[in-house]
Structure formats: structure tokens, C-alpha cells
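Working notes, beginning with the structure itself.
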Amino acid sequence: MNIDYVATTIAVLTFFGIWSLMAISLNIEYGVAGIPNFGKALFVSIGAYTTGVTYTRLLPILAGRDFIHPCGSTLADAIQLRSDIIRTMPVVAFVNFGITLVIAAVISGIIGFAFSYLVLRLKEEWFLALVLLVGGEIVRIFVRGYQPLICANNGISAVSQPFAFMGGRSASIAFLMLVLLIAFIAYVYSERLIRSPYGRLLKAIRENEDIARTLGKDVAKTKAQVMFIGSMIAAISGVLFAVNLGFVNTNDYVVTLTLDVWVMVVLGGLGNPKGALLGAFVIAVLDRLTAIAAIQMNMAGFNLEFNFVRFILFAVILLLMMRYRPQGILPEPNYTTEAHDNLTARTTGD
Amino acid sequence: MLSIRELTAGYGKLEILHQLSVDIQVNHMTTILGANGSGKSTLLKSIFGLTTITGGSITYNDREIIGISTENISKLGIAYVPQRENIFASMTVRENLALAVRKASRAEAALRIDRAFDLFPILTKRANQRTGLMSGGERQMVAIAMGWLMNPSLMLLDEPTAGLAPLVAKEVFETLYNLSQKGITLVIVEQNARTALRWCEDVCILREGTLVYQGRNDAFAEDDSLLHTYLGLLSIGKQ
Amino acid sequence: MFERILIDSLIRSMQVGSLYALMALGITLTMSVLKLPNFAHAEFVTVGAYTALIVSRNVSTNPIIILGLSAIVASVVALVSHITVFRPFEKQKSSIYIMLLASFAVGLIIRYVLFLTADTFDLFDQRIQVPLEIWYRTDNFILSNVFFWVVPTSIVLVIALSLLLNATPLGREMRALADNFDLARVIGIPVERVKWLTWLLVGALAGISGALWGIQTSVSPLMGWVVILSVFAAAILGGLSSFPGTILGAYVVAFSENTIMQVLNFQFGLSFSFKPAIPFIIIVIVLLIRPEGFTQFFKSNRSLKR
Amino acid sequence: MLELSKVSKDFDGLRAVSNVSLSVKQGEIVGLIGPNGSGKSTLLNVISGRFPVTAGRITFQEHDITPLSPDRIFHLGLGRGFQDPSLFYQMTVLDNTILPAKAQKGENPLFAPFKRFWRQEEHQLAERAYEILTQIDMGRLFGQLASELSGGQMKLLDIARSQMGNPQMLLLDEPTAGVAPPLAQSIFEHIANLRQNENMTFLIIEHRLDMLFNFVDRVYVMHMGELLAHDTPDEILENAEVREVYFGD
């Protein structure tokens, strides 16, 4: 078998970009502010489900076409309609895509915000992890059982990315550029956030929220803000994820997705956005390598399901990292805030 | 019997004891006095390996015990009754006592528990009650009984009368005195200096994590100001 | 018609609830004695089920042997995960999140090793080969001798476990660890050994419940994972510390999943696809509104923690 | 300035603080003493809002602060220090000092990524923090991690950083615990200076009575959750009940 190296690279980089977003959001939440978000799949899925809804409902309206019920007997017509619009009316496709991003981010942000206030009532700290985990499953089961959203467990397909009108490889490259751009913006945002007074506040809360509170900081509000930001980024990654795959299906947003993101962050380095990028990159490459290896092995007659090996591999990486290098490959640097530059300049000037 | 040499210990970075040396005599009742924060409790915890020890040595019957795990120190014949949370609150008195004689055979354990009830009659009526629901004095008795049941030759007690009414405190000391008459060496960290001095013949006084006095209690029998000076309490008023 | 469905579902609740109780007791034990919210418990259950499957095919169909071997294999797996993973993290004083994550990772490894095994030997969705007698059947329900295996076995095990905890030295030491870990060390309880024995016990419980679960349905690598959150819901209803509370919680969860779901379906046409959400909703509601679960009802000396 | 009337605090039915009424006037340094477990620290935690009260009422400068959360109470000008030095050890001395500054624009996640919104403010805060650090002789240490400080420096910084929030009053819990005598003296001198220069008010828990009594105006004595006595330092020594609590009968 010949491997198409260019296509593989594009695919790996696209996944890298999307996963970076997830890793960056978990890094802000857990790495910097210490909020263990075990519901990453939930917030990513909100982006995906929003995509499912806007592509089937909003898109025809924007294009001035009649709405076709996306499931059941009219399924094929609805898919045809979506493909037509995206291929022939790029502006509509882009507007729809942009609106999807905004709606997903806002809904997800609000849900994350609400969760963080809800969990103030929890008795033990790890209950937050459980509630978020379970929250993701509840939403998933609801979406899977409630047909009007994304056709229940059939899911929605033909949610092509907005550059589809360009066709072929240039479309993939254009989309890759868009993904990387969004990831870059998120990265710069998180780097700057960490070095700002806000980052100082988050680190203080991570280390000892009780004392931060007695020093006049509104910890509950700050955590809610962080959940809002993190969930927004996660939902944006969810939109990109769904659009990149071309379909939305509840089976993609299960606990293992959350664990993947944790592996990236723990591997790369908690509290360091560069670590989040590195972790996402390593996982994107490993993921593709196992897939390629699986195909090669199959061709050679070995019938080993590599998808399973992938999970074992990731779990082992997670355990080894937490055990032997808990700070990750790229540990959190000692960020100095602006104030230090000021004083350093002053004291050396004296 | 117990010999502590130049012990430096604390919690993490916080150093509480500074090169403290002290010797505990066999068959005596020794009280360790000192202001709050002078390192009394830290000293007892260090003996049981519950602090960060950065220097010095602790020998028990000429055997170095620093580095022995907490659960094995009790096997050497030392019992420790912590100040707080010194009982299993969700379990009954009998269960608590049974845990202290876990190495004994069934018959022997029963026998020894019966002896404990003789020694601590207050507990007999409450044998099957949850200790968490009992009064402070009764809990303290359970804790001391557990320590005694482990058959120690040395018992360390951290403020056994803290928070107890004077009458109950006296009862506790009477019990401890009885134990000491049975040949058990006792080390009692106390806050209530006068009471402790009445019962314990040996006195150690700590200040700022070092030993400032060790000797007999008679030195303090007459002179209050001597005690004040050593304890570092209210010294201004006395001078 | 409705009465029949109701009775069927009640019997089913009884059967499922007994198994939930067995699994949830394992979680409660790990939580209170070992201070670990152990998600890998799901996979210990699956290991038990696969052992039962393989034994029933290759060794013997004698239920005692099947259950015994399942218990042994699962408890070895549990102990090995303690030694290789959980104990080093404890020594490292890792936060509870790291422990939680580690238990996920352990579960993931076991689950996908089982997937690989099942894939290689074609062991997906197999039935455990035990003599099956059907005693009563309707269109959507079968009452067989499985019921009379599962329910009495669970009850016997639960009683044996309470006896172990309340009337034996080992049980007392386990409760001492749950109550006050430092004091347990101070009075010389060999905590590491008690932990090992607890892991073996927890693993054996999981193994047996897995075997019984497998006899009742069919065996697949995901079977433990699918029920683990129901089981957590039961344990959380029990306040993660009380034994009677956990057992009651298990039956409540099973009852809501089967009987209440059945009623909702019959009366309001609610789709069965929402059934898996029930335990999750129970978890969220309990954690938010009544985090102590049923413990208040059982303030006896049988609670594992204060 | 600070007024407690009949404040009680229960834990699981156990009364840790019982019916305590006390008052501190502007510019005073007041001591709070008593044996271990007498409820002093609990009382401090109740005042600063960490524990909700069971009964009673606390007012600070005419505000009823009984139901308020710790951050709101800090914002009203009532700060506190901790018994174990409670710094943010993964942060530098300077960041520890700046953190309590109120209403920082850079603490808004919308403005935070853009320096121009908060650079000016941050520079001013840095100057003020440097000033405070110089007062406690730690100016040069601003770039060090808090975990690298000595125990005494940690204690000093714990007190000094609350100045950033411009409090009118500080509650201190054993400010000299675990500190060598000369440094303890300088910690108390620092407290006296703060009163002198910034007109700050203090309520201090302390076991080092010899040190404490040189600096306080009045002393409250607690025993088993209740207020046992209240007097000037000299008088309190002659109080028979106090002597009994400390030395036994």
C-alpha cells in the first residue's frame, strides 16, 4: 500500500490543531486554575451537536431554501440539500459556520459557568470530576434518544467544512490553515492570560483557594470565568472536530475523548500552554501512527485491532508520566509578571 | 530507657525542635511542660515517626528507632496516645480495645480486655457504645486503655487532660498513676503545669524547641516564679 | 397486561439490584478503606465475567468452581493494580484527581487487553455455559434458574461480608483504617497488609459479581464499564461509607432503572433509550442535594466512617 | 471598630465558641490568649468569615459582617494573617505581595491579555509592593519564590502582604509561632510601626505572652470556648482565674 504522505500530514496537522484547542482549554482549567474538568467530552460535544443543528436548520434558511427534515425518509434529500448549499454558496457556508462557532461557544460557556456554580454545593472535591463526567453522559444519552436534535443515534452526516467549494486538497489545506489559526489565537490568549495579573490570581487559587478568598478574591466567580473560557474553547474545538469529520455522532463524545485530552495535558506539561501544544502534537502523531500500523499489519496478515492497542498505549503513557514525570515534558516555567520587569529595571538601574 | 540526642525535627520546612536532647528514666512519671508551640507534641510525634526528622538520634533501650515505620514502633513496647482523634470514633469501646490486643489469642485477648474494664471501670457500662458518642473524659479513658492494652513498657501521652473538667482530669491522672505503679514508664505532655507537677516526679521544660530544664519536681514545690521563668509565661508580671 | 409487566420488572429489579449491591459494596470498601474512587472496579467485574466464560467452556460448568476461579483471578488483578499503580501514587502523595485518573487508566488498560483477547479468540457477546432452565416466560421476560443463582448468592455474600467486617479481626482492622488511618498505624496495625487483603477482597467481590452478571446476560469487554456508573450511583446513595445504605442504594437504582422506567414507558411513552440516564441523574441529584446519601438512616455502628 | 455580640460557633453539636462578646477600638492592639483548644483560632475564623457563625452578630465599622464571605470582609478593610505561614509558595515574593491589591484591572479575563489596559496599574502596584517589602527588609528578595524564604521571613511576608489591600484592621493568629526570639521581637515592632504610621488596628492571638504584653493595650482571655477575663496586661496577671487556667490550681 502506498501512503499518501501529504494527505496524512494534512490530516495529522488538522487533528493537532483541533486537539490543541481541547488541550489548551483543559490546561487553563486544570493546569493553571486547578479545576479538574473530567467533562471535556461534554463541552466538546456541545460544539458538535450545535453544528448538527445549525447545518440542518440554519443553513437552508440562510440559503433561502426550504427546510427539509434531516432524518428518516427525507434523509437523502436533506443531505443533498446541505451538500448543494456548501458547494455552491460559499458565503452562506461561511456565515453558517461562523454563527455555529459563536452559538456553540456561548452555549458551552454558559453551561460551564453554570456547572461551576452548581459544584459549590459539593461536599468532596472529586465529586466535581464525577458530576462533570456524568453530566457529559446525560447529555449524550439525551441527544442520542431525542430525534429532533441530530437524528438520535443515526447522527448527522454531510456537515462539510466551509472550504468544501474549493474541492480536493486545496479545501483541506485551507481548512487546516483556519484550524491552525484558531489554535494559534487560543494559544496566544492562554500564554498572555498566564503572564497577566489574572494568571497570578488563577495560580493563587490553584495553590490555596481558601487563602485567596481571605485576601479578598472572589474565588467562585473566578472559577466560573475560567470554566466559561475553557468551555468556550472546547466547544469551538467541537465544531471544528465535527466539521472536519464530516458528521456528528454521539459515539464520538464519550469518556475516552476526555481521557485523551488529559493524556495530552499531563504528557505535555501541566500549566504550560506550550506543553498543551506538544501533548496534542504527540498524541495526533501517535494516533495516526497506530492507525497506519494497523493497516500495515492487516495487510501483512496480522489481525490485531490497533484501535485497542491505541487505548492501552495512551493509558500506559498517562500512568508513566504521572508516576515518573508528573510535571510533564515541558514543566511549567516560573512565569514572572510585568511587575518584576519593572522592579528589575529599577533595582539594576540604582 | 529512651534517649534523645540533638534531635532536629518539624513539619516540612518548618523546624520546631532544634537539637533537643533529653533522657527518660525507667519507671518514672515524666511530664513535659512548655508554652504552646514550644515543641512538646512535636517531640512525641517525632518518637513515632510522624514528623520530618532532619537530624539527631532517638534510641530506645539502646536501639535506634528513627527510620522504623510508625506501625512497627509500637511493637518495641512503646505506646502513644495522641491528643486528638485518639480513638476510632465509629467503633464501640470493645472494638477499640480489641484492636489494641490484635496480636493476642482469642482467649488471652478476652482476658486482657476484661482486665482493662477492671482498670477503667468507667468503660464497663459503655462497652458496646460507639466511642464517637461518648464524653471527652470517657474517650480519653478509652484511648489510655488502648495504650495500656498494647502491653507497653513506655507510654507517651499528649495532653491527656486537655479540655476536661478538673474532676475528670484528676481521675485521668489517678489512672495514670496506677499504671505507673504497675511498672510502666510514663511521659505526659501537659499544659496544666501545677497538676502535672503534683503527679509527676520528673520534669522536662521545653522552650522554643529546646530543653531548658530537666530534673525533679521538688524544685518547683515552693517557688512559683521559678516555674514561670522556665515556662516563659507571665514572666513580666512576676519580676 | 400492565400488572404483568410490573411484576416482571420488579423481579428484574430484584435480580439486577442484588448484583449492583455486590459491585457497589466493592466500591464502598475501596472508597472508605483505601480512599480511592476506583473506576477500574468496572474492569475487575469484566475480568470476573471473562474468567467465568473461559472456565465454563474449558474447565467445568460447576457454578462453585466458576465463581471461585472468577473471584481468584479478579482479586489477583486487583492486587496487581494496587502494587504496580495505586501504591506508588499513594507513596508519592498524589492528589485525589491523579488517583482518579490512574484508576481510569488502569481500567482502560484492562478493558482493551480484554478487547484484544476477545478479538483474538472470538469471545464477544458470548454466553456462559451453565445449565439453563426456564421457569416462566412472557413476551419480554424470562424467569430462569439464573434468578435463583444470582439473588441468593448475592444475599449470602452480603451477609458473609458484613460478618467479616463486624465480627472478625481483619474486618475490624479494615474499619479501623477507614476510620482513622494515622491512629491505626500508631497502634501497630500492619496497614499495608490490611490494604492488600482489602484489595483481594474487593477483587473477589468484583469477580463473583462479574461472573453472575455474565450468567445473567452475556459477556463482553464493555460490560463492566456499562454498569459502573449505575454502581457508583448506588454507592453514592449509600454515602460511600455505609453498608446498609449501599445495599438499599443498589436496589433503588435497579428499581428506578427497571420498574420506574417501565412505568414511564407504559404511561408516558418515554423511550427506553433514556434508561441509561437514570443512574446519572440519580448521581447528580444526590451529590448536589443530599451528599450524605442514606447514611442518616443508618447511624448505627455499622457505618465504615464517621 | 470591631464589635462581637454574643457570638457562638458549633461544630457537629460541639460548642467551640460560646457567647463571646468583645470589642476593639480604632488604633488599638488587642491580645487574645488562652490555652490550646480554647477556641481562639475558631473565633478568628468566624470573624474573618471562613466559618459561618451559629449565633450572634459581628459588626465592623458599622457594617454587619456576620453573613459576609471572606473576600467581602477583606474588601471592607478587615484583613487577616495565618498561624502556619500561608503564602503561595509557587509564586514569587513580589507576586505574593501584589496579589491582595484590590480591584486590579488585569484581574479581568477580558483585559488580561492586553497589557496596555493594566501595565500602568501594575507598575504602580509593583512600586507600592517594593515599598512594603523594604519595610520588612525584603526588598531585594522580590524575585525569589516564597518557598525559598526562611520561616521567619514567611511570617513577616504573611503580615506585610495584607497591607496591599489597605486594611484598617488585621486579625493575626500567632504571628511569631515557630520564630526565633530576635525575629519575633522585630515582627512585633513591625506591628507597632503599622499602628503608628498607618493607624492600623490589631487583634492578635499569641502564646508568647512576655512579648505580647509589651505591645498590647488590652487582653482578652478565652477558656473552653468562653471569654474568661478581659483587662490590661498588668491586671490580667493578677487574675486568679487566668492563673488557674495557665498553671492549674
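Per-chain residue numbering starts at 1, and chain names A, B, C and D are given in the order in which the chains are listed.
One rule holds in what follows: contacts are C-beta pairs under 8 Å (C-beta built on N, C-alpha and C of every residue); 3 or more make two chains touch, one makes a residue touch a chain.
On a predicted model such as this, the values are computed, not experimentally measured, just so you know.
Q: B-C versus A-C: which has more C-beta pairs touching?
A: Spelling it out, more C-beta pairs touch across A-C than across the other pair.
Q: With chain centres defined as C-alpha means, what is the inter-centre distance between chain C and chain D in Å?
A: Going by mean C-alpha positions, chain C sits 50 Å from chain D.
Q: Using mean C-alpha positions as chain centres, tell me how far chain B is from chain D in Å, no decimals.
A: 33
Q: When the centre of a chain is set as the mean of its C-alpha atoms, what distance in Å lies between chain B and chain C?
A: 44
Q: When you check chain B against every other chain, which residues touch at least two of them?
A: none
Q: Among all residues of chain D, which ones touch two or more of the remaining chains?
A: There are none in chain D.
Q: Tell me, which residues of chain A touch at least two other chains?
A: Touching at least two other chains: none.
Q: What is the shape of the graph in which nodes denote protein chains and edges denote touching chain pairs (line, ring, star, complete, other)?
A: ring
Q: Once the touch criterion is applied, which pairs of chains come out as touching?
A: A-C, A-D, B-C, B-D
Q: For chain A, which residues are in contact with chain C within the complex?
A: 30, 36, 38, 118, 121-127, 129-131, 134-135, 137-138, 141-142, 144-145, 152-153, 255-256, 259, 262, 266, 303-305, 308-309, 311-312, 314-316, 318-319, 322-323, 326
Q: Using the touch rule from the top, collect the residues of chain C that touch chain A in their complex.
A: Against chain A, chain C makes touches at 37, 85, 88-89, 92, 94, 96-98, 100-102, 104-106, 108-109, 111-113, 115-116, 119-120, 229, 232, 271, 273-274, 276-277, 280-281, 283-284, 287-288, 291-292.
Q: Write out the stretch or stretches of chain B touching chain C in their complex.
A: Touching chain C: residues 48, 50, 69-75, 79-80, 82, 85-92, 95, 98-100, 102, 130, 132, 146, 150 of chain B.
Q: In the complex, go through chain A and note every residue touching chain D.
A: It is residues 188-189, 192-193, 196-201, 203-204, 207-208, 210-219, 225-226, 229, 334, 336-340, 342-344, 346-347 of chain A that touch chain D.
Q: Contact residues on chain C for chain B in the complex?
A: Those residues of chain C that touch chain B are 169, 172-173, 175-176, 178-180, 182-191, 301, 303-306.
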